[in-house]
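Shown below is the structure under consideration.
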Amino acid sequence: MSDPICEPAHPSAPSPAQQLAQDCAASMWARDHAAQALGMRLHAVGPGRAHLGMAVRPDMVNGHRICHGGLIFTLADTAFAYACNSGNANTVASACQIDFLSPARLGDELHAEAQERALSGRSGVYDVTVRLSGGATVALFRGKSHRIQGTVIEEPPQAA
Amino acid sequence: MSDPICEPAHPSAPSPAQQLAQDCAASMWARDHAAQALGMRLHAVGPGRAHLGMAVRPDMVNGHRICHGGLIFTLADTAFAYACNSGNANTVASACQIDFLSPARLGDELHAEAQERALSGRSGVYDVTVRLSGGATVALFRGKSHRIQGTVIEEPPQAA
Amino acid sequence: MSDPICEPAHPSAPSPAQQLAQDCAASMWARDHAAQALGMRLHAVGPGRAHLGMAVRPDMVNGHRICHGGLIFTLADTAFAYACNSGNANTVASACQIDFLSPARLGDELHAEAQERALSGRSGVYDVTVRLSGGATVALFRGKSHRIQGTVIEEPPQAA
Amino acid sequence: MSDPICEPAHPSAPSPAQQLAQDCAASMWARDHAAQALGMRLHAVGPGRAHLGMAVRPDMVNGHRICHGGLIFTLADTAFAYACNSGNANTVASACQIDFLSPARLGDELHAEAQERALSGRSGVYDVTVRLSGGATVALFRGKSHRIQGTVIEEPPQAA
């Protein structure tokens, strides 16, 4: 119940790449105070992908009970971060772009699904779709990643 | 002290456009629960522009004490919102783009200054620069606005 | 041979939406002097999608025989235009974003495939992938469309 | 008359940085077949900036005599290239974004002015404004640059 990775994508025998993605995500999550403070949940991760959720709380809306666009972006950006760090190479966002399609309202449950579109050298491109539980698309996000020095987890699991 | 508009840009005799910008900002601020929850401050507004601040708190960082990029975006997006609604026409963000240049750290004070670049028909383009107090540029943001129906404040002040 | 729509996607019995997309494309193509001057070919169109090709010519490269990024954008933007006008509502690009992933060289044949991602009210979002014939991805493009007044073809075919 | 750099920004005694920018531009221009084929003119260059022009020709428009957006982008992208290579470090575009504000028509003279906004490590951000001769803004462009290996000109002039 306290595990942020709620639904393992491969319950029986995760591949090494899948296991690495889960280990990286668990390490990132433990120190990701911002994602935790916003009540995000890490539904699933895998190589080059991540699925996060967030409920729209009273402190995320304006007077018309519409979720602040910046917090929709923050959810998408977080899914992007988990997807682009899933291979255990420290990676940061260099640029992001978002199209807002329809509003989210107080109490809505948002889902952000990130998927790698391209990876070449130290740069990658990731697409994130933010949807309501009912399926309506709230926003389309595209992020450009840049790999920097270092790894996400200190001891790669294959060294064990 | 409780006034979010800390430094009036024109202390003596604000022009009608300046007064309208301040009245719109005050009305938006009162119902902007998200900006308040993030501890933002509205330093100044004017026709087509806004200057907001935000301190990087412990609940905004990761384990390396680096501010979540989504919250830098949220500050920029909020400055954009106050700038593009400064003429009392209800206006929303349709798309935004951000380039992250250098990190912000726990305790840093961020400043976001938004400025209208173009306004034609119902669409506008606004540039926001996010800087540290010391002057270093943290991010460059560009937002596309779309005017919808309605006004920000019900009674325009000139009707009084 | 002179027909720009080289490969009908549905050879036997096109649906009304497919027929409309082809009729709109044929009308646009006839007056699209820029696409013709650049030697583009319209491989296929359909509702919300288009596939165009362009060979990289000597007048499209620099001294290192690398295709000018602007012309890769122009191909993607043209595929976007045919996709977003495929429903016979006059539609223009309001904003576009492109990530350049790998270069194209003199003599390469480029393929741009555009696909509608969202359409709501008068706004749409379209993704275009530009690839070499061999499959390598050259660029990822995202365009925001805005519907204006008027139709692409004067007499909708269903009126005949 | 044959010099593409029509108006030297500093007619009497160019600084070393200004001279380097002009030397880089002259070298790039000589091999820039695409810019030449589109009839572009290099009005001025300097450290981190460039000003190019292009007339909208019959082979750049559609049936309504409106310039293809891709060619407006190509002009802006070219100005970006001259600005970001002005320091003699080989630099390419990694991503670009454009907002189209108003159309350009057959016979219009377009001006693209590029200016460096940020430069840190191997990455830079450049803004380009595309205007008509009369002053109306046609498009706002933002490009992200990435420095690669090598120099623009083989022998830096200070070595002479």
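The chains carry the letters A, B, C and D, assigned in the order they are written, with residues numbered from 1 in each.
One rule holds in what follows: a contact is a pair of C-beta atoms (placed from the backbone, for glycine too) under 8 Å apart; a residue touches a chain by one contact, two chains touch by 3 or more.
None of the values given here were measured: they were computed from a predicted structure.
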Request  = Farthest from chain B by Cα centre, which chain is it? Let me know.
outcome  = C
Inquiry  = When contacts are scored as defined above, which chain pair ends up with more C-beta pairs, C-D or B-C?
reply    = C-D
Key: chain C-chain D separation of Cα centroids, rounded to whole Å   = 26
Task = Could you tell me the distance, in whole angstrom, between the mean C-alpha positions of chain B and chain D?
result = 32
Key: Mean-CA-position distance for chain C and chain B (Å)   = 37
Ask   = Could you say which residues in chain C touch two or more other chains, in rising order?
value = 94-95, 97, 99, 123, 144
Chain D to chain B touching residues, read off their complex = 97, 99, 101-102, 117-118, 120, 123, 125, 137, 140, 142, 144
Ask   = Any idea which chain D residues touch chain C in the complex?
value = 28, 30-35, 37, 58-64, 67-71, 73-78, 92-100
Inquiry  = Per the contact definition, I'd like the list of chain B residues that touch chain C in the complex.
reply    = 94-95, 97, 123, 144, 146
